[in-house]
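Each of the next two complexes has subunit A plus one other chain: subunit B in the first, subunit C in the second.
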Partner chain A sequence: MIEPTAEPAVEARGLTKRFGSKLAVGGLDLRIEKGTVFGFIGPNGAGKSTTIRMLMGLLPMNGGDATVMGIDVRQRPEAVRRCVGYVPEQHLIYRWMRVKEVLWFCRQLHEAWNESLARELCQQFELSGQTKVRHLSKGMLAKLALIIALAPEPELLILDEPMAGLDPIIREEFLETVLQSFCRGGRTIFFSTHMLGDIQRLADSVGIIHDGRLLVHGSVADLLSRTKRVRLALERDELPAELPQGVIRTWRNRRECVLTITDCDSQKVQHLEDAAQVRVVEVLDVGLEDIFKDYIKGQREAI
Partner chain B sequence: MIARQLKALMWKDLRVNRLIIVFYFIGAAILTGAAIIILYCILPAPGQPNAPYRSTTQYFGETFTLLMGLTCLMAAMLGANSASAERVDRSDAFLAYLPPSRRLVLFSRLAAGLGLTLGLAAFNLLLIALTYSIGDQHPSRYELRGVESFLVAAWVLFAVSWGAAACIGSSVAIGMVIGLLFPGMLWMSFMNTGWLWGLHGDLAYVTCEAAEVGLGLVALACGYVVAMKRQNSL
Partner chain C sequence: MSINSNSHVPIFRQIAEHIRTGISAGIYQPDEMLPSLRALALELVVNPNTIQRAYEELEREGLVYSRRGLGLFVARQAVRSARSQSQDDVEKAFADGIRLARSAGLPDDEIRHVFSKSLARKMDKTGGKS
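And now, the complex of A and B:
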């Protein structure tokens, strides 16, 4: 269980963004405690990057407010960028620069810059200072972006799908570096990715976003322990009239039915068992990937 | 801290524009080479009865005055490139999430672009001054007015290209605007010197120059405001 601190690393209230008539993010509330790893997941176009860009002060918000490391994003977006390390999905680093020039350039722009850490990471990643950025592979570019984000030793690291399209070895190397170099001294990671296995392994808390709305926000351990799949055998071709609270998805195939239930406890299972013409066959634990899929599919099927 | 950031940003902006400077010097070398070939291989030697030039000083003085046309074209390219190069290749987005303020980033782009334009104009003026200081002749008043008109044209072309490139998204459209602006401004400069000054005297000429300088200031300010408001391409 994560203990709430006096001042969260990120706090958003009613965060809203519209692109024309399309609502990209609608009234999103978020609180991320300092010193934790937060996993932000959602399908493509759910509003993850838009949320992150608003939190970074890169995109003006249409409603709500947000603070990052205690700094009001609306009032002082530049101050937010000074204390946040950010690795985006697309690494648009100047292609004509050499690696050493990029690092020199970034060092001049940051108040704090740990040169020995930057050198250490360059060595670890076998990144030559003489190489031009345009000649770097996608994986090497992601590593350079990570060095740029880590060297200023920020209090908060925001990773916006930085490992999309990378092979598993580079992904592993990337994550290990983040963990070794960053997760020391109570710093916070805001991690948006489609790699749900990584989130389950690393994150303390998780948020699932769909169509600009936050469906779930809480501790990963809680979510895993309290979400279950209940397999039912039906005596007739219909579901019980009253399903318990917290059913996020119903899957049915003739006389077999699987319910994914959040906050699932023995009372809810008993409730199902008490229903006429229903027999509970088994109660299964669910991984984060299946929970995520059930939330999103459940939402889509409900429409 | 701001001085350090500005130094790094200016370094980057000078590098972004370096190809234009290379083009300029290649263009200047070609023009000078062509002028030498024409003078010594095609035209009658200066001073001869049918020669169009009285002296080599006058010939090269006017050649380097014509070089101001190339300086104007480069001014237009520097203006457009400073405002739009990083937006077109999307490296603008990289800078957006680094600490410097948008204001400082734009100031650096403007300062680097304007500084390079002034540098090219100064180089061009130096060539003209050196030619006349080595030779036995002084530039005519007409020629001096011509140089002045070219300098004003270079300023307007820089500023209007900056403003246009800040407002227009497509690099092709920016190129078309510059393609139209450049001959228009050169024509205006010739008209200014040859017609306005020749026929209507100093006051009309100076008024027209002042209007051009004003137009440049307005274009520069508009481009700056639009660029400040434009959402980055991240």
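And now, the complex of A and C:
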């Protein structure tokens, strides 16, 4: 299994970014072990792309520090960009060029470039070198961006919502290619997405970000097995005076109440069963999508 | 093997359960090799670390054993242990069903009736006991 190494692929401490008076990312801590896949999820505008762009050294941070593959991002941002394969949300590929010209151009920019891999992927994706970039469909453009990121065989691959707006067939092809490159070994993948099914399939660990803060950061399997919805039938329209630790959302309707609880164990359930205000307790399993929604809604409703 | 990527059951559990039932059904025979991590990962489009976790669970249960450098093989005594493991899973699934029935207010007699009906239907499809 994954051994925590002395040096993680990505480590950020107190990462902070302000745009004017708006705090886009507020003191974010992150640690991603080498050889794992990390899935980054959060609502639109939560700070995912801002975090990624800071880690890539494309956006100066206002506070905190970060190392990527052991390189200090503040001090050597260009070294970070050289060793990371990055597929941004907006593909900034030279639109007037032909595909083969883009590939030739990118090859000159990289010290390491596996030409046979680039060709193999072009063939697999049925991407013709003669096509002009501006004539490519959205899906083909995403595939070209992936080829450019993979050909230098980077140890870390960062994908910022790479599959947004792609049809299911292209998404599957894209995912398979990313997975194939991961299976070759020794690689770390960091991807942000809104597709929670893809997180379940690919990610070892997941981070949920909301309003620039990380609400949870841990293994996907642990999150699924330890987060429960606990449904209470109440005696009267009254909650127990003391709720257990780790309630991330409370939903109420008359004499029914549903608590979403992290690290839910038998002790917490027993505590609720013992409460005088509670008539019946029922523990329900929750899928990743509902866990995500409960974290976000819980935050919004608490304001 | 198909994976439900929206389920509350972690994928490594789904894979382990699938192989367990495969062993009790005789799809995987004693001393046969399981697919490699990489092959299964690419087939199912899931992280190979997840497959490894599933395989580790099966190894802990004594259903499979590893041969260094070769891979994982189905243990001789696996069929019996897999059946008892599967029985636990089935019990859990029934408990869920019974809970659903009770919260809908069905009395026990009707639950039994529904159960016999489902059992009869299943018998037709699979040709009865295996």
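Definition applied: the second predicted complex is superposed on the first by the 296 of 303 C-alpha atoms of A that agree within 3 Å, B and C clash if a C-alpha of one lies under 4 Å from a C-alpha of the other, contacts with A are read in each partner's own complex, and residues count from 1 in each chain.
The definition used in the following text is that a residue touches a chain if its C-beta (ideal position, glycine included) is under 8 Å from a C-beta of that chain, and two chains touch if they have at least 3 such contacts.
Every value quoted in this text rests on a predicted model; they were computed, and no experiment measured them.
> Which term applies to subunit B and subunit C once both are placed on subunit A by superposition, clash or fit?
Aligned through their shared chain, the two binders fit side by side on subunit A.
> A:111 in the overlay: touching subunit B, subunit C, both, or neither? Say first, second, both or neither.
first
> Quick one: classify A:59 as touching subunit B (first), subunit C (second), both or neither.
After superposing on A, A:59 lies in contact with subunit B but is clear of subunit C.
> Once chain A of both complexes is superposed, is A:289 in touch with subunit B (first), subunit C (second), both, or neither?
In the superposition, A:289 touches subunit C alone.
> Name the contact category of A:169: first (subunit B only), second (subunit C only), both, or neither.
Touch partners of A:169: none, neither subunit B nor subunit C.
> Which partner chains sit in contact with A:96 here, subunit B, subunit C, both or neither? Use first/second/both/neither.
first
> Determine, under the contact definition given at the top, whether A:204 touches first (subunit B), second (subunit C), both, or neither.
Touch status of A:204: second partner only.
> Could you tell me if A:88 is touching subunit B, subunit C, both of them or neither one (first, second, both, neither)?
A:88 sits against subunit B, while subunit C stays out of touch.
> Once the two structures sit on chain A together, report how near the CA atoms of subunit B get to those of subunit C, whole Å.
27
> Give every residue of subunit C touching subunit A within the complex, in rising order.
It comes out as residues 3, 5-13, 38, 41-42, 44-50, 52-53, 56, 99, 103.
> Name, in rising order, each residue of subunit A that touches subunit B in their complex.
53, 56, 58-60, 78, 81-82, 86, 88, 90-97, 104-106, 108-111
> Quick check: in the complex, which residue numbers of subunit A touch subunit C?
Listed in rising order, the residues of subunit A that touch subunit C are 1-2, 35-37, 172, 175-176, 179-180, 182-183, 196-198, 200-204, 220-221, 224-225, 282, 285-289.
> Touching residues of subunit B toward subunit A in the complex: what are they?
1, 4-5, 7-9, 11-12, 15, 89-94, 96-101, 231-232, 234
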